[in-house]
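Next up: some structures, all given as structure tokens.
Two complexes, one shared chain (chain A), two partners (chain B, chain C).
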Partner chain A sequence: MNSIRPSMALLTVRSHKTALLCTAGMALLIVLAVVSLFTGKYPLTWQGLAGGDGMQLRVFYTLRLSRTAVGLIGGFALGAAGFVYQTVFRNPLASPDVIGVTSGASAGAAAGILFLSGAAAVTAASFAGALAAMGLALALSALDQSGKQATIVLAGIAVHSLAQTALMCLKLTADPERELASIEYWIMGSLNGISGYSIGGNLLLCAVCVAVLFLLHRQVVLLSAEEGEARMLGVSVGKLRLAVLLVATLAVSAVVSLTGLISFVGLLAPHGARLLTRRNDAGTMLLGGILGGVLLTGADILARSVAATELPVSIFTSLLGAPFLIVLIVRGRKGYE
Partner chain B sequence: MNEAHPFFAAIHLSAGYGRQPVLRDISFTLEQGCLAGVLGANGCGKTTLLKAICGILPHAGRCTLQETCLEQLTPRQLARRCGYIPQRSGISIDLSVLEVVLMGFNPQLGLLEHPTPAMREKARRALALTGLAHREKDNYLQLSEGQKQLCILARTLAADSQLLLLDEPESALDFRHRYRILDLLRTWAGKGNGSALVALHDPLLALNCCDQLLVLSDGWVQACLTPGKDALPRIERELAAIYGPVSLQYCTGRNGQRQIVLLKEPD
Partner chain C sequence: MHINRLLSLLLAGAVVLSLAACGSPAAGTATAGAPASSSQQEQPLLLADDPLTPETAAATTYPVIVTDQAGRKVTVSSEPRRLVSSYYISTSMLIALGLQDRVVGVENQPEKRPIYALSAPEFLELASIGTAKEIDLEACAALKPDLVVLPLKLLDSAESLEALGLTVLYVNPENQQLLEEALTLLGVATNTQARAADLIAFSDAQADRLADVLAGVAKPKVYLGGNSDFLNTAGAAMYQSDLITMAGGINVAAEITDTYWVQTSYEQVLAWDPEYIILASDATYTVADVLADPNLEGCTAIETGHVYQIPGNAEAWDSPVPGGILGAVWLAGILHPEQCPADETAEVIDEFYQTFYGFTYSEIA
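Let's look at the complex of A and B:
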């Protein structure tokens, strides 16, 4: 029997190019984090913080730090989870919506806005909605013992439709002046309103799920083979796919229940990483996470600085992301020179 | 051959898709070190037979390998014993050739474990055996279809399986590599590593490289042939049922090796 190296080697970034890209990405992420801490309606200064200005310290600790943490960790989780979805489904367009989780989160948030009070309650309701959607999709797919990939996708479509119907019903009953506007604003996605009191549990769950996904990276790659081939490589395809999707979806649920729907990050970040490295190793997944963090934090900085009122963050994730993706695609298609 | 305890046995195997039966009550045995070919017209059940043996396709009947019932094994246990090479590998993401070969060690690794340096070395040796040593860092998706087949063969050879199941491995290969892949399998089996069952479209390749031939027709075993021992008229008769009239002759090459030559006669 061969001696087995510990699994931490999974995180070893073998490619020099990938390591370089990850280092550059991390440097950019740190710069954006610093900018994010000092961007907002209430001006913060180094001198004020160092001098112990009470108001500045309160804004820094309760609002800016938590908002920046959600941008960094949430973006990283969306990027890493997107990598997993696209690899497992062998589909470059795969995202958490494949199994209806974002629709469930939206319906949950709408119910929270209508029937509960307070931002923390809306976050909890949204998280519950996301979990319910995920649970229903996975339970429906488990009815088919064959564990086929198409079954999960079909179950996801059914759950997505159900959640959209519930959301429409909730919108119909909402007060158009106040509640309906809140629901629409939530759906557009924003990091506004995040405070240090409500994010701890979500970010911890997010970090644990992302760590598990990295540990399972080799299994994620095995799931990218066709079902019969993966089975003949010793993979219990149905069970492993469910487990991996469960962890990835939990991470996404933890983020979207805090931020509302964030478009494009989970789709673009892993694509960008793959186009840059042309690989699917753990280093590329790490780069996907870093790009996700860069995109969400960068978009959030723009969302609170380009206009007098704060704008939905999804506008900027798309505005920043789309040209970046187009450049990478054009660069990748130059072909033989 | 040990008739009582064959190395591999398929016993009353029936399989199909939905309600459409394709294999009908097939039974046969393989001895250790045997390279067996499966011949038959399109749609006769060659791929179905291989998929049924390796458990990808639900089936009736059972298969035993060294007296272990394959149907009772978990995917991991099955993968340690059997290697399967499909007509086309389903890998569709950017992976290096070496990474694809290393996938073959998965049954020997725990859920969170990673291939060891010894496994990497073994994978490199398997790549060298299939002539892809210089491509180990290349993107698997950028290989030709034939090279992909060789890469998947390297993955299977590296994994120390006892039974190899190959579905038309020669279909995308050039003339030279067709013989090379069969020679590799023959050498592998000849060393006592195990046995290989290979679905083939080329009867000439099958006649000259395989120890045993299973001729399938409409889901049945029409004949079991031993090319080195059976008389040519009998082989001609059995092949004619699939391919129409054929003539077989022995021909001696420049190295003195006697080979069978197949000619297609007018229908």
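Let's look at the complex of A and C:
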């Protein structure tokens, strides 16, 4: 636990190594962003774009640019939020599902597919589902006045099960040929339906939440300390934990309601970052975000280009992420706690 | 790709060989006369693989052994009087074969299929025996059916149903050829061979007519939007793709070889730039939604307003139901109105439903 004990040395990005890693990560992210802008089924050319070809410009601005933006910002948010979850819960396996958010989003999306019409309505319903799950988990945990960290995890597990049950009931009533297929496709997660007309609100919310998380970075790291220590440092643990989780969950909800479920990014990116920096500070959180962006953008480039069809992006986040994590663990086992 | 082609060639070879082996004498054995003496020796009849034609159709002599579409040899001991079916396509086949009075159980939620309300409203009141994905064994047995017709997906239930003493036939009408095979199978098993032959002949005649009138015409590019999502489409291996080809169009997604709906993207649709966008019959979105979708701006089909939905007033014509050929007939009317005028199309559709389902389509459309 020493490595994540709060101390002044860990509260700011001072490590030369961390800065270097973040710079390298940013460079990789920029390269991937450029590749992403020029990868896709519609043939875009420099000449066409520069020459003002209406169709090419439309594809570039409404489809390619927005898809790339969701990959970058969405991946960053999942990575940074994952860091927050793992730090706040002091649990390396923590992820948005610990408090049932992604299950809530799935159930919401399923309800949207069954009872509403249009992609925007499904996104809204999924977002509402995620918020409802989070609200319920936090409300349940508030019933226990002791403010124990385990309470929120237990409440989350209960909400997760409830949301899964709701999802199952919705699937049961769905028409197998149409709605059930839609629900399954949604759950698989993909960025194929992303367009400039549908992402504005979600991306803005996501960016604001991520900004708030970085503003609160000192408090986030403090939350990883033993509760007694945090209290001694003048932190109101219960309230702060709720506030931080709320913001992180909002960011995740904004992403998954847009893309469907994306596995592994929220879990892997922060682990990768910690294994690389061997720290648990704001710099590591930044690196976690960058790795999240790299992972999601890279996976999405593959999802849209390796086959004649669009493949679920989670296949590639897992395929790219798992070996990376294993290499890091094998190489850095000694220094990692 | 190569493996698929090789498999197709092998299959084609196998079909040719089996046809040659069966030849006309085998088709002849599907007549009532041949087994008259053999039935006394309890030597049941084996069904030939050829689809029935009005010439080969005859009365079935029981007991009869048929090979169902799971490849199982099934003995039907006497003409079935009580039928159940858990799959909308096989249920619709039973109506088309004129067997609706013998049906005692159908799949869940029959109210979702308008064809039942139009031609066999009593189906809405019948007991349910499950779905195309799960059968309710007890409910099925309780109906004491003489013949249970199930989709191939439910093959796992075969043993349990046989243990309950039920006679089960599996059908797999995934394309026109398999549909004709399924109709032949049911026609022989239920002693409705002539009707099955008429159904097959109707489809074949329409396919031939379309091939004739559309020979040499320019073929427009067509994008088919799937049931669950506009960005789902059907590759070359799917029934819907055959439908587009038969109607004189080119499926822009034909390069995709998957056998189920696949996901695509707006970019891909724009790159294909279809001249017609056709929505699946059960699409959860509308023609207006597609026309108003800003992401499709600039696509030829949108600019010219050529966005249509396959009608589903009676049944989904983009699925291999007995009237599936009408999907191609209707689409040919959309893509090639000169060669296939609207009144002619309407006449064909009316003739089909009047003959096999007993209602007039133009009155409900």
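Criterion: the second predicted complex is superposed on the first by the 321 of 337 C-alpha atoms of A that agree within 3 Å, B and C clash if a C-alpha of one lies under 4 Å from a C-alpha of the other, contacts with A are read in each partner's own complex, and residues count from 1 in each chain.
The definition used in the following text is that a residue touches a chain if its C-beta (ideal position, glycine included) is under 8 Å from a C-beta of that chain, and two chains touch if they have at least 3 such contacts.
Note that the structure is predicted; figures quoted are calculated from it, not measured.
Once the two complexes are overlaid on the shared chain, A:Y185 sits against chain C while remaining clear of chain B.
Of the two partner chains placed by superposition, only chain B is touched by A:R278; chain C is not.
Legend: residue contacts after superposition of the two complexes on their common chain; A:R331 is shown touching neither chain B nor chain C. In the overlay built on the shared chain, the residue A:K17 is in contact with neither chain B nor chain C. Using the contact criterion defined above for the overlaid structures, shared-chain residue A:D175 touches chain C, although it does not reach chain B. Shared-chain residue A:M55: touches chain C; no touch with chain B. Remark: chain A residues 2-7, 9-10, 87, 90, 215-216, 218-219, 221-222, 224-229, 231-237, 274, 278-281 touch chain B in the complex. By the touch criterion given at the top, residues 112, 131-133, 227-229, 231-232, 235, 255-258, 261-268, 270-271, 282-285, 289, 294-295, 297-298 of chain C touch chain A in their complex. Of all residues in chain B, only 51, 54-56, 74-76, 78-80, 82-84, 86, 89-96, 99, 103-104, 106-114, 116-119, 139 touch chain A in the complex they form.
On the side of chain A, the complex with chain C involves touching residues 40-43, 54-55, 58-59, 62-64, 113, 117-118, 175-179, 181-182, 185, 190, 192-193, 195, 197, 304, 308-311.
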